[in-house]
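Worksheet: the structure to be examined is printed underneath.
Chain naming follows the written order as A, B and C, and within any one chain the residues start at number 1.
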Amino acid sequence: MLQKNRKSWIGKAWLFGLLTIFLVVTGCSAASPSSSTPAEQKTEQAVPQEKQELAFQDSAGTAITVKLPVERVVVLNRNTAEAIKLLGAEQYVLATGDTTVKNNPYLGFDSKPDVGETKQINLEQIISLKPQIVFAYTNRPDKTLEEKLEPAGIKVVRMNNYLPEQMDEELKLLGKIFDKSDKADEFLAWKHSIEKLLADRVAGIKEEDKKQVLALSAGFLNTNGGYRIFPSQSLDGKPGVGEGYATILAGGKDAADLQWNPAEASTTIMVDEEYVLKRNPEVITLHGTWLGGYNVKDTKPFEEALRHIMSTTSVSRLKAGQSKDIYFFYTNFVGSDKRYIGNLQLAKYLYPDKFQDIDPEQYAKEYFEKWLGVPYQGIWHYSFKDVQ
Amino acid sequence: MYMQVKDLSIKYGTKMILKQIQMNLQKGEVASIIGPNGAGKTTLLKSMASIITVERARIWIKDRDIRSYSANELAKTLGYVPQHTAFGYPLTVLETVLLGRKPYMQWNVTAHDLEVAGAIMERLQLAEMAQRYMDELSGGERQKVLIARALAQEPEILLLDEPTSALDIRHQLEVLELVRQLALQQQVLVVLIMHDLELAARYSDRVFLLQQGQIYASGRPEEVFTSANMEQVYGVKVEIGQGSSGLKLTATLPESR
Amino acid sequence: MQRPIQAIYHGSVKSKLLILTSLFLLLVLLTLYAVSQGAVEVALPELLAILSGRASDEMTAYIVYEIRLPRMVMSIITGVSLACAGAIMQAILRNPLADPFTLGVSSGAAFGAALAIVAGTSVFGINLVSSGQWMIALNAFVFGCLAVGAVYGIAKLKNSSTTVLLLAGVAIGQLFSAGVSGLKFFSNNEALKDLVVWLMGGFWGAKWQVLHILLPLVIISLVLLLKYAWDLNSLCAGEDVARTLGVNVKQVRWVCLLLVTLMASVTIAFTGIIGFIGLVAPHISRIIIGTDYRFLLPCSCLMGALLLLLSDTAARMVLSPIEIPVGIITALFGAPFFVYLLLKKRKDYWA
């Protein structure tokens, strides 16, 4: 009897404790939005414009409404960071993430906080910066971002700024968000002119004259990791991975006949060595971020890598290996946000006669100096044609 | 002296397992070690088999320190049959018996090895089951195979740790009869650990009674199996009589009186 | 009266030799089949022409000689050394679930290889992966030994029970796997981040140069181990008994453990971790040929070679030309087998 009494007493105490915790928690969560509103109101009051709202759908298909003007953002996506710099809105960026500081050193975000790589983002730091918007890739990080940030009144806008079919629209959207629409249109006109130039030149190439190109991961090949191909098409018939699709845009033919599954995390497909030998491509494009980049001046590592690949793999057996039609491209230059310039360069490598009068370097220089406003430097592509 | 234990003491940590054991064993005799659980019987037998290494020259075979024997030399002199038969992956009966030829073999099994193994198996009536696996045998059959393995070593000394404990009465008698024959006919020295006191009395030439690591009494069975010894060592009252085939012991708990 | 025993013995030896011969022939046939299959079709007459040195097409000959054959030989050798390691470990540790994978040797070796790559490239440059192969293999061996030593040591502390040994293996294996992930994570060399050989097993990088050293190493170890066949048989009867049969238990244990760790870690350094072969091959062999290590050891090796060659051929063929990691295939049949062993394990074996 005594024991039973004691048990029910403990039960009651538990219940009471739980209730207390519950009350405290709800109290806090009720209090937190109200405590953050004054801050927002303050920034709105500072700008004497009338309250404006922008409603749009981001690239992940989420309907989002943000209050204008947007002046506090965190960017977890280095391609978006570059696009923002392009529009001249970099002063609104409070912090970056991903590998922006490391891989895009020319954007000048190294003085601002780095909230971490995609897998270990520091959410507390983001919240403490009180941004209006956090930009992230559509596929990473996962939905935890929305779950943790939206209750704090921070919008998560997902966009990629490097996929061919999306990047124009995304830039226009960024233009609206930051009130830089004119600049966006101006840039897109420049970009389209380069794309048109390439398409026009390439259109004349007869099917049988098109070069057979195989796009391979440079890193895997160099470290005995086998042949990993960037496919030029997807399972649904759409363009494949950027590095592979570049072959098509530059007027070449994909030496492989693989289709990429967009649901796959990896952008490459590992194939049997025999398959590559059988396909015997005339040209090989190598892709990676471990060679080249903005701060690289020395071409020696390129030569070394080629010699290594030639001596340890069966590349030397291929037509491309024998004629040394092997070209290295820094990933962002051909497979990502600077694709139009990289593709032009690839086309010039493939068909030097047709592009004699065109200097892709000039466009690259223009991109960096005119649009990004930073000095042009670095090694973004490399031809192994003349390496001994 | 054929085999001698001279002043053997063994300590595990601070616990004395064996204290100043003295044994003088003759060729062709059957000696039993008896005593309550924990008296140190198995430790004594394992030291005699050199499974437990003793630090000084305490055990002598044919006037040579056991530690001066090479592993193979000892294996040709001394056979050991363990109490628990944890046999890992089961071999066949023939393979198990052939293992006893290990000290004589290189890699190949010679005709002579097969002859020896065959003769022993015939003698123990194991030939029929030569191809069967050890785990398919009954406890009694298994015990006989293990003895056969030890015999295939052609030893002059045979040490058996409770060879009858898992067997029914028929197999117990068979095994002990076999052991006695070996001693009589081939002059093998047999040392057994026994739990069944009546059987020990019946088949042993000599008995060593162990208590807490010390030899409490030793000698011919009728000298050792006395009421006083039994009560002192086992803590039970024992009436000792003379049966038709040997001593007859009737034990009772002291408090049940 | 001795006749029947001799007849029985010679009969059983004959039937065991027959099993070994058939397995060997099966392996030869499978190799021929595997050599003829691949992304590039090579018809049988052409294959024979190439193998006899009268190749019509240079590229096809290259594919057969420099790509397919080394790959076949590599998977055979790996199968042999993993299966052999498993069979020996099961005997000397008296544990039916012991193999290079469960005892942490695989993870240890992979970590050793990874460490050599990371540390080595900072000193010798990125091309170490192909030029410093032997340094990598040696380091794999050192760490393989470390892993097995740690596992064995922990198990010894805790009465050498089957369960403790396996759990210690899991723990040490996890530790080294974490080490590999850590190295991958903290290595600031971008080029190394693509290095897949670390954890995922496969034979695509097989080369004759590697095999020229691997092959003698495995064969010599195998011959040395075969010499211990009777000692291993004795150990199956228990440590005490083995001792009284004239076996130097300690020496046999260490020599055998060292040899199989050497075989397993060096192959793992070149192929990455491939699970379950070391477990499945010896057990199937025990069922078909018995426990006598004079026959069990070669049988396990042949079985391991067969299983792994079959798995690798499947890995190449299923989605050809896309490759799937061979570890997926071996896990597909290995994991259920492991569970089966766990459930079926007869208690009295390992009392």
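Operating definition for what follows: a contact is a pair of C-beta atoms (placed from the backbone, for glycine too) under 8 Å apart; a residue touches a chain by one contact, two chains touch by 3 or more.
Quick caveat: nothing in here was measured; it's all calculated off a predicted structure.
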item	value
Farthest chain (mean CA position) relative to chain A	B
Top chain pair, ranked by how many C-beta pairs fall in contact	B-C
Chain A and chain C, separation of their C-alpha mean positions in angstrom	42
Separation of mean Cα positions, chain C and chain B [Å, integer]	43
Chain centre separation (chain A, chain B; CA means) in Å	80
Residues of chain C whose C-beta touches two or more other chains	none
Complex contacts: residues of chain A adjacent to chain C	217, 219-220, 222-226, 258, 269-275, 277-278, 280, 288-290, 304-305, 308, 311-312, 314, 317
Of chain B, residues touching chain C in the complex	46, 49-51, 71-72, 74-76, 78-80, 82, 84-92, 94-96, 98-100, 102-103, 105, 107, 109, 111, 114-115, 117-119, 121-122, 127, 130-131, 135, 149, 153
Residues on chain C engaged by chain A in the complex (per definition of touch)	38-40, 59, 62-63, 66-68, 125-127, 129-130, 189-197, 202, 204-205, 316, 320-323
Complex contact set, residues of chain C against chain B	1-2, 4-6, 8-9, 12, 90-91, 94, 96, 226-227, 229-231, 233-238, 240-241, 243-248, 286, 290-292, 294, 346, 348-351
